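For reference, the structure discussed in these notes is given below.
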């Protein structure tokens, strides 16, 4: 049998690997469907044939929970992530930035742009804005922000040299040799970046529970870690 | 080639072709009818129909997909009706992808065909009528052959659009490999993850190749049709 | 109305209009030229040109945006050339949004116009030549007026597409309020957050209203042009 | 089967206001360019919906504005040869010609493709497309297409204008045979008086949308008042005639009410009725029967009217037997011969001037 | 300015293979439907690029396959009146007619819009679009458009086919004046022998793509061998004539080499040269000069040849002065009069049979 897992797009590499492992181990298939968390959540609201949902955004999981679409008690915080400030290929090698309330990010940017995901809509952008705000940097930086529709697009803006710097997930930055991580935002500068997971009411079955259990198994955690994620609760 | 693309990717290619061909095949007759009606008839609500046909072009695809999800989804009014009466399910099936593709391609098809209809000289249709041919016969033996270049152009535009459609599809039917993961969805997914660009570009290449092939065929067909129409 | 939409949203409406009008205005002449060339001339690489023009339709918009970024970005070969020689910058500017919109709209425009060119009887152009008119004059006084309905159809298709374009635009020039935040970007943003639907639908309504207005105007213009062409 | 037309319709320069009765046979619509001929035919065919009036064919109402009757075009079954061709560009000549055949009702009959293609000289080009045909070839295909739909009536708008004299000579007798054999009524527009005189049983003269004269061809064409409408060179009389006998030297003798006429051999049985056209300009007048002259045909008559024109010409109308003849001579001759109404006179007609083309089997 | 055409081009049914010289004046292309007339004109205009050969106009090479010369259409400046109209549908009649004017080179001159519109009866419809014109009106606009472009030469493909006799009568003299005044050469296609005879200085007869006869109009038209090509009814001779004087009763006296002819008043100064056409069927033969007959014109002649046709007719060619006349009579008459070559004879010609339309100012 197959189990359909709706997963935030940024989980693709890790989930593909886990699905392959799972199949090798059990012979059963995990069918992942990747898209933005908001899309997936809406589809679940409309009765999508998914059994498990992993969101990059606790907000959408809250919505589904309120709608009563989750199997009670199955929601867990599965993964953690952090956001980092990155520089592109154009930046001089000795550029180093330490993020703090005194960082003059606006000056560092010059007439360049700071690439972020949509700061009011996409999780990575929301976290980034929260971090900059709490550090008191937002007001000076805001006019220089270029918002992309997702983290990868923001990463690409930096990687291609279009924007000198950007704010992205650590997982994304780690995988792109074009960019260099300047610094990680302090964990307390923004709400914890967690990826909640849950079993959906329509999809509850033994098999689903087995897959869900596998996702929290050590084997799966190792894979997630290898892709740069943190494990919630560790 | 089989090595070059993984099975999931081949699946996406096959699915995209299936979805696009069905999308065009089924919507073409309706498109021709709509184009003919807009070009030749006057009826109340004509401008409204024209506007509705253009909507998918005007709206961001995500919105179209969202509206499709709301109306054709399992819980949506149209979706539940179709399911109860005809057993038709669109949501999260390849049929839904085809529906999304055909709706996105529809305005392109209709415009092309409508232009072609408008350039057919009604005098020829009148001549056919004086020879005793009823309207429908005139349509199939005179009008349709004469608008064929426009129909082909519309079909190929629509096919290309269907092959490239992504926003509405992923929003409406999600991105489930083998079921609703079309080429563009697969490309999108690759672009979402670190290091996915190369794989994405490989799929882009496949997509471009398929579409170019279709384009070339359509050009040949259209040229042949146009030659017939010019009467030489 | 001013209360109904916030200033940022008004900005988005105004920007979308500006971007779409520029996109169509500037690409229309090129579109007419390309359509004419494809319809009437034979030259090496014709099929290639045809293919390239259709690419933005075939590719998922994100890919088009990405390719635009690679070539028209500051470091891109075309982008750096244009900057050095003409001081033109596309990245993060509304000009880039217009470029993206025009490239996405281009295949739609070209197809419509090309169909119209193909339905112009070359005998009329020949007649003009026998009266002493050089080619360019023939084009502007005979061909162009006769293809006007097609040009208008192409322009309105393109305009509608430009108003709805989102994927390529946001990927290429991102989303900077007042600079590159067009209506679709704003709509998309609202749709990303739980509970944003109402606001999104408000903007959808604005977008639909604007586009329907444009559509209605184009219908009137096209009808007038078609009436002239029919010679009555 | 007769056609009744009584319609009013506004046009650019004037109102079309036409009422006439077209009896069996060929009714010619005659009039200057822009007089409204095509418009009338369009109304009969159903392509134009007149503002007012009605159109009846053989008792059936095709159109009646008051009764809101408007028979659809395809149910009228009128074979229309358009002034502007209108061939289907995407079909071969054969397909064009056979297009209407399947709509002929069961039991209908008419000429076959081979026969018509042969008549029209199209046999060699049946598989070509109309785009690469010459002007006259296109026109012939259009004629064939209308004939082969086996219509109840033919509407022909200058069908022979683009054709050479020889081809016309082949097609005209065929139309005559159709008219006579199938009783096929024909509404015929032509600028050529020769065609009209030959084919028409009845003539309707239009001027700026109004009927200025209509009636049997013999009457209309020999009306001296219409000479200027018809054109000086084309004016002439139509005479009913009977084939008397065939002579060994190839001449055919016809008897007309005023005497005998000799013509090049006619392929008609003795006793059959026909009519001949004698152009006013082909009739000389002589006070005495001339001798030693190559003209074989001399009819005795009496001058009815003598109309002097504005120029140096004069039109003389003669009574010869029961028929009226027209003669166009110079005023000088009229004076030299002291012509006056009531005078006895001889009309000298060159036999060959009564050309084959002017003999209708009517 | 003379035109030299020598081209080869493959067509659907045969190869076009045409060589002729068109001197100043009007050259008529005559031939049956599908003979290749339009194709020749297209080649001259540049619309068709012949496979082989060359085309020269007044010493300038328009086309030369070997030398790879092919002057672009718009630089040829030949006013083409198409067989199929080709009006610009989106322009008013006025705009259509004035379209070519701006391309006339500096220093060129020609008729004005008012003059041409008046001649063609288009003044009232200058602001209408071609779509709502009648067939003949369209054709007239096409003629006007070509004239008003002030071309170096006119190419006219059946320009008058859709027009009524009266309108033709107005346009033909105008074309003659153009031909004479501006020395404008005209290549003219027509199925009407009357038009050809009236206008043409030289005639080229085409048959299935080949030139079967070409030369000065007088020679070609009075060649008894071509009677069947031209059509029996249209055969006739062209005679050069000089205006002798005008009589008070409205007749004009012409002198031809064989004697005198009387015609309805001609608007030409005494002494001016012209030519008259005498149809074979309008010429009767008499052994003695007849008396008391309305025919004014009697020429003395001598029989040159006597050709009996397959039918009951015979074509007699006469020498009258320096000119040759044709007469078409019945065999019976020929026998009754004992006609034989060398015989002295009188040709009786009805004065009015030499119609205005057949007098060219050539």
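Think of it as A, B, C, D and E in the order they're written, each chain with its own count starting at 1.
Throughout what follows, contacts are C-beta pairs under 8 Å (C-beta built on N, C-alpha and C of every residue); 3 or more make two chains touch, one makes a residue touch a chain.
What you see is a predicted model; the values in this text were computed from it and never measured.
Annotation of chain C and chain E: not jointly contacted by any chain, touch as defined at the top.
Ranked by separation of Cα centres from chain C, the top chain is D. For this structure, the chains sharing the highest number of C-beta contacts are D-E. With every chain reduced to the mean of its CA atoms, the largest distance from chain E is reached by A.
Chain B and chain C have CA centres that are 20 Å apart. Taking each chain's centre as the average of its CA atoms, chain B and chain D sit 57 Å apart.
Averaging Cα coordinates per chain places chain B and chain E 60 Å apart.
Separating the CA-averaged centres of chain D and chain E is a span of 26 Å. Multi-chain contact residues, meaning those touching two or more other chains, occur in chain E at positions 84, 132. Under the contact definition stated at the top, the residues of chain B that touch 2 or more other chains are 62, 66, 188, 191. In chain A, there is no position where the chain touches two or more neighbouring chains simultaneously.
Interface note: chains touch in the pairs A-B, A-C, B-C, B-D, C-E, D-E. Chain C makes touch with chain A in their complex at residues 62, 66, 69-70, 73-76, 91-92, 167, 170-171, 174-176, 185, 188-196.
On the side of chain E, the complex with chain C involves touching residues 45-47, 72-80, 82, 84, 86-90, 99-100, 103-104, 129-132, 145-146, 149, 151.
Within the complex formed with chain C, the chain A residues making contact are 36, 38, 41, 59-60, 62-63, 90, 113, 115, 118, 120-122, 145-149, 153-154, 156-157, 160-162.
Here chain A touches chain B in the complex through residues 4, 6, 9-10, 12-13, 31-35, 39-40, 42-43, 46-50, 150, 152, 155, 171-172, 174-176, going by the rule given at the top.
Touching chain D in their complex are the following residues of chain B: 123-124, 126-135, 138, 141-142, 145-146, 228-232.
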